[in-house]
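Got a structure here, written out as structure tokens. Questions coming.
Here the chain labels run A, B, C and D in written order, and each chain numbers its own residues starting at 1.
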Amino acid sequence: DTMKIGISQNNVGVDSYQTTYEKAFISAADANADVETVVLDAGGDVARQIAQIEDLIQQEVDAIIIWPTNGEAVIPAVRKASKAGIPVIVTNSNIAEQGFDFVKSFSGPDNITQGARSAEIMCDKFKDMGIADKAKIVQISGQPGYTTAIERAQGFEERLPEVCPNVTLVETQPGDWNREKSQKVMEAFLVKYDDIDGVYAGDDNMGVGALNAAKASGRDGIIFVGATNFSVGYEAMERGEYWGSIYQSPVDDAEAALQTAVDVLAGKEVPFLNYFDTPKITQDNMSNYSKPVF
Amino acid sequence: MEPGTLSTFLKRGAIWGFIVFELIFFSLAGEFLSFSDKAFMDLDNMLLLFKQSAPIGIIAVGMTIIMINGNIDLSVGATYALSAIVLLDSMTWPMFAGMGNAVIPIAWGLALLTGVVLGALNGLIVWKTGVDAFIVTLGAMLGYRGLVFMYNGEQPTSHLNWTLVDFAEAQFLGLHTATWFLVAVTAAVWFLMNKTVHGRNAYAIGDNRAAATNAGIRVGPHMLINFMIIGFLASLSAVAFYSESGSVNPNDGELYELWVITAVVLGGTKLTGGAGSVLSTLGGVLAIQLLRKGLGHIGADTETVNLAIGIILIAVLLLDRQLNIKGKEELRV
Amino acid sequence: MSELTQEKIGLKSRRREQPVGRFSNLKLGEILARQGILIAFALFLIGFTIANDRFLAPDNIMGVVRSSAILGVMALGVTFVVLSGNLDLSVGSMMSFSTIVVLDLHDKIGPVLAIPAMFAMTMCLGALIGFLVGYLRLNSLIVTLGMLSAIHGLTLTYSGGKNMDIADKEGTWFSVFGQSDLVGIPVPILIFALLASTLGILLAKTPYGRKVYAVGGNGLAATFSGINRSRVVFTCYVLSSFCVATAGLLQASRSLGSQNTVGQGLELEVLAAVILGGASLMGGSGTIFKTVIGVLILGFIQNGLLLVGLQFYAQYIVTWIIIILAVWLDIAAKRGKLWSPIA
Amino acid sequence: MSTQKPALRLEGILKTFPGVRALDNVSFSVIPGEVHALMGENGAGKSTLMKVLGGLYQPDDGQIIIDEQPVVMTSPLQAKSKGIVFIHQELSLAEELTVAENIYLGELPHKSFGRVDWKKLHAQTDSILQRLKVGFNAKTRVGELSIANQQMVEIARALTVEAKAVIFDEPTASLTDAEKVVLFDVITDLKSHGVGIIYISHRMEEIFKITDRISVLRDGQYRGTLNTAETTDDEITQLMIGRKLDLSRNASHHEVGDVALEVRELSCGALFKNIDFEVRRGEVVGFYGLVGAGRTEIAETLFGLREPTAGQIYLDGAEVTIHSPADAIAKGISLVPEDRKGQGLVLGMNCRDNMTLPQVEGLKFGPFVAETDEVAIFDKYKERLDIRTPGWKQTVGNLSGGNQQKIVIAKWLSMHPSILIVDEPTRGIDVGSKSEIHNLIRELASQGYAVIVISSEMPEVLHVSDRIIAMYSGEIMRTFTSDEVTEDNLIQAISGITSNRAA
């Protein structure tokens, strides 16, 4: 008997991470003859996601994977699924603790750790350069309101003073996961601040946008660090223009989620929190990693 | 022909025809493409359809009034989010501590008040400055969203009250709480627009503003009231939805205005005002929701969903055009 | 004969000369009043200059204009569509499409062929919309909203959802459109200026422009005047898609790589710029010059607020207030009264 | 009569618009129970004065006095509450609403909770409609009515309230004779109830038929008041335009040339059937008939706006198919449409651009519009038709009704068409300009143009036409030459009484 697994993703069109995730999920499911899936996209809208969960319950799937648009708002919907006897697996970003009773497992990266590691990359580089006592940095965060954006900023902001207490974060503005928006934001930063030693971006897309702005205005010597490595970022690192990022693979992410669901349905024990590793990648060690596909 | 009767209803019938088409199509396609054993036209699924249509539907009913009146409101999504924040946050305010579940009606009241105030602000600006409602509410879409973010930064605002969730998840006579909200709102607004002086005046203002002014109708207060109504309905929609989900992201409700307007226009309401019907709007809302649901049912992926929704919106217009095609004798303009 | 209160017959034939004398010439103040939006613009510039002394630095101004160029180029086309009495909500999604396509083709067939191919594909989409709205007379809001969604789907299908990047970013001359300078002025600004003046002249000075105004002002009267209304609307959309393709080119060339969502949400910003410039959504009124002002106001607001360094949500709120104030000032100057005459 | 206390008075009213002094120290009063005509050329300020009285415009100076009390009239609502009813020159109706709702617009009868009292509304409306003897009922949607019937809906508003004064601003411009009779009955009735009536019209015969006094405006200034019973056409005209009018038909007999337009067995669905006629160069053919007779539809078909279901059209002997107005224009046909606001003008555009719109493609200097040529055309016709506007830059929507009509006429005359069709060309045009337009039509004919005049005004058709085609219910009943036509046989023909059909 095949396993029917439904997934409600957050917002597929919005960036290539999510799109690649979707593709990887579908091909992983295709590769497994015992699995049938229905893949839904909430388009970033909580209401639509809840409706999708209700629909999946109504269609009597065997398991539901959810990439929450809002870690709390989906709890009642998840409770419904669990009441209907359908196991729920959370992927990529977790739901709030109140909902833990209704889900079987979480699998995904740890965004806070990613932010923290970015802070470490940045700090180490400053120490190498000998400017760790006076460096000034700016942050370009992801789209306001997204858990991922919040957690990556939070992890960075908490970790930085621990490792490099004298580096100042002078300003944060959102770049909305958008290279173009980020470039505009960076242009304004460059006009406003004469000294910028580093830029931390919520992902490499925005980081490269900021890099483009700096290049266009001829400002050299700025250290760029992102919180998720994209292929544009990887290429910029190859060119020596971009310092580092965090290696996170949507393929791993998708496969882990599907595997967890399959394991749960097969009755295996799975750990409740199932983080996969997201290592640091910099110009120094990048040869150990292949270029991201997205 | 009295306004709002069955004949007007059927004349704008393209949308209902389309709904029937969707039902048949997805039922048949579902047989082949869906892995679910449940039929698409399963009763529970249809009840869910109504429930899921409620958040957009309640706002769309309000938008119908605004558009009949000759205005537009792009700020409804932000109003929706801000009211949701007030709803959830007010339950935790120290001044209401120890009230138990008695805080629920208070929170509802405050949320609805928020909507009415935001609506009134739009209405007053439109009235007193004479700036086009499109600009005023486009600005408010940003401004109100700014208030949303100001309230709690980028963090979601949450308060899960299980009593409230249970109430919102309840079904009475088979219909979910949110469906009852939608039904009540539709009925009330239908009555308002077709049976009351205010409603008929709103039609007149949208149809021919100069004529209404000449006839001594006070355009400003009517617009103000209608903006207050849509503000109220945007927050009512938030009340219906967030009572159940208990947490609001600061960017919730984004793009709602576009979907709401689409539903209203699909229902046959004119962008220029003066004509339209609440019942047809309901048809527009159901058609869109059915489309999303159906595409999910047959397992279409993101690209396909986007393509299909786009093409189908245009197809509905084409269908409507075919139904209302002019006779040969008509003026070729 | 009845009681005659005033002079009766001694009126001779002053008929010809008198009416002319009765009309005084339009006063300078009234002409100025028609440009209320310029006054509003000036006020904001002054305000931001006081708030941040770098605001008026030549580099900053150049930077703002350069990054407004992409939005601006799109707004030029949308001005035509709005003037003809229609809407275009598909421009953002169409711009993403052009950007992705030209980047993809750049590596496959080379920039020389990629650019015309992308223009052709984009303008086909424009022609499709033009056909639906112009010839079939479908509601432009729904058609373009539908196209917003459909083109997004198309782009995702085309790119497989992936970011699109040029492989050899250093070696291509393709970057000239977005990144290089000519006589000290960034090329995007030059392209924007060139397009704005060409389209401005097309609109203000040619028979075609006159027809656009007529169709938007009163489609029936335009038909009765022998104007082919369908064709005018059709060409407006094709023109709009040409502008979108240009914007896509600038965008692609500026960043040499792009996301599928690069233009997402721009449709409302573009429309806001056009309306802020004073074009009426009902059609028939507005000018290219005013649209350019609208674009610049939006660009300078965004930049000024970033320079002032307000929290992003405060920026939202200030933008709200500024937009309404700008339009209010504009129309108040026109009607000569601050408060509206709405009863 | 003058000893009676006026129901209302306007004193020293001054009103200016940018570049225009529309009213200059105008005083005016109405006595209860009188019909007081307000006359003047197009753009003299009649409508503006009434809009001041109706609360639509605030005067720059001057006073409104009602019942000996000065009133600051700030809104139509207030005017209404003072018993002033305003029947507008331009239709002011909400087309999507019903007749009843339109008649009681702004004062729908209601029950508790603001519910409309439909029963009462429809009963009241029906009784008013009965008084007006119209063929539609309270529940008809206004958009479905003909222009004439829409005008009757406007008029019905006068009967809804206890009015102190009723303003009729050119109510008959689009009414037929039968409806006019009803209107005059209504006026007589109101008058007998002591209502003061202000009546604006350019039609002398109406003025003499129903008014008691006549006040004249000229160029925004008050020129005097006459007792209708004691005055003459000439006196009024003289006061209005400062000279005598020459109403004789000039350039009447000239050479009639070849057939320019020939129509055979032309039909378009139920709108008109088997239409046969021809128009020669140098000839003016009048089309006369009742509303709905199908004249406008024939004109629209000849102009490429409708597709005929049968029949042929020949231009200069060659059969043609006319696909669109552009095609018609290219073939030398022009049409002055009957609805100036809907079909004739782009109201938000300036005067010059409106006037040259159909030929803008031909007025080129390189790729650009030759604006100096345009201004020259504008100036020429402004002079010729005496169009009152501060300049070509004025927005057409700000012109007075009559001057708007003149722009429409100029728009098509300036095309120098070989076949000119004019549909109700002088609707709302003052006597002076009217005769100027008639002269122009005759003159064009004498220059070899073929002209078709569609008009519902018998004197106009009789005055300008060489031949008159009488239509009834979509068919041609008879064709008259100018020698054989009389008012009587023309009326017979258009009522479908005669069976004496001529091809």
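Some notes on this structure:
Here, a contact is a pair of C-beta atoms (placed from the backbone, for glycine too) under 8 Å apart; a residue touches a chain by one contact, two chains touch by 3 or more.
A quick map from chain label to UniProt name: B, C = ABC transporter permease; D = Sugar ABC transporter ATP-binding protein.
All figures in this text were calculated on a predicted structure; none of them were measured in a lab.
More C-beta pairs in contact connect the chains of B-C than those of the other pair, out of B-C and B-D.
Put simply, the C-alpha centre of chain B and that of chain C have 30 angstrom between them. Chain B and chain D have Cα centroids separated by 45 Å. Centre-to-centre separation between chain A and chain D, using Cα means, comes to 70 Å.
For this pair, chain C with chain D, the centres built from the Cα atoms lie 40 Å apart. In chain A, the positions touching at least two other chains are 12-13, 19, 22, 144. In chain C, the residues touching two or more other chains are 152, 156, 161, 220, 223, 312-313, 343. Counting partner chains per residue, chain B shows two or more touched chains at residues 149, 213, 217-218, 302, 305-306, 333.
Under the contact rule stated at the top, the pairs of chains that touch are A-B, A-C, B-C, B-D, C-D.
Here chain D touches chain C in the complex through residues 2, 18-21, 43, 75-77, 213, 218-220, 222-227, 230-231, 235, 238-239, 241-243, 303, 305, 324-326, 328-329, 335, 337, 342-349, 353, 357-358, 360-361, 363-364, 367-369, 386, 388-391, 393, 411, going by the rule given at the top. Those residues of chain B that touch chain D in the complex are listed here as 1-3, 195-198, 200-201, 203-204, 207-208, 210-218, 274-275, 327-333.
If you check the complex, the residues on chain B that touch chain A are 34-38, 42, 44-45, 48, 51-52, 55-56, 149, 154-156, 158, 160, 165, 168-169, 241-242, 244-252, 254-255, 292-293, 296-297, 299, 301-302, 305-306. On chain C, the positions that touch chain B within their shared complex are 89, 132, 136-139, 141-143, 145-154, 156-157, 161, 219-220, 223, 229, 268, 271-272, 275-276, 280-282, 311-317, 319-321, 323-324, 327-328, 331-332, 335, 339-343. Across the complex, chain A is touched by residues 52, 54, 57, 59-60, 63, 67, 70, 152, 156, 160-163, 165, 169-170, 179, 251, 254-255, 257-262, 302-303, 306-307, 309, 312-313 of chain C.
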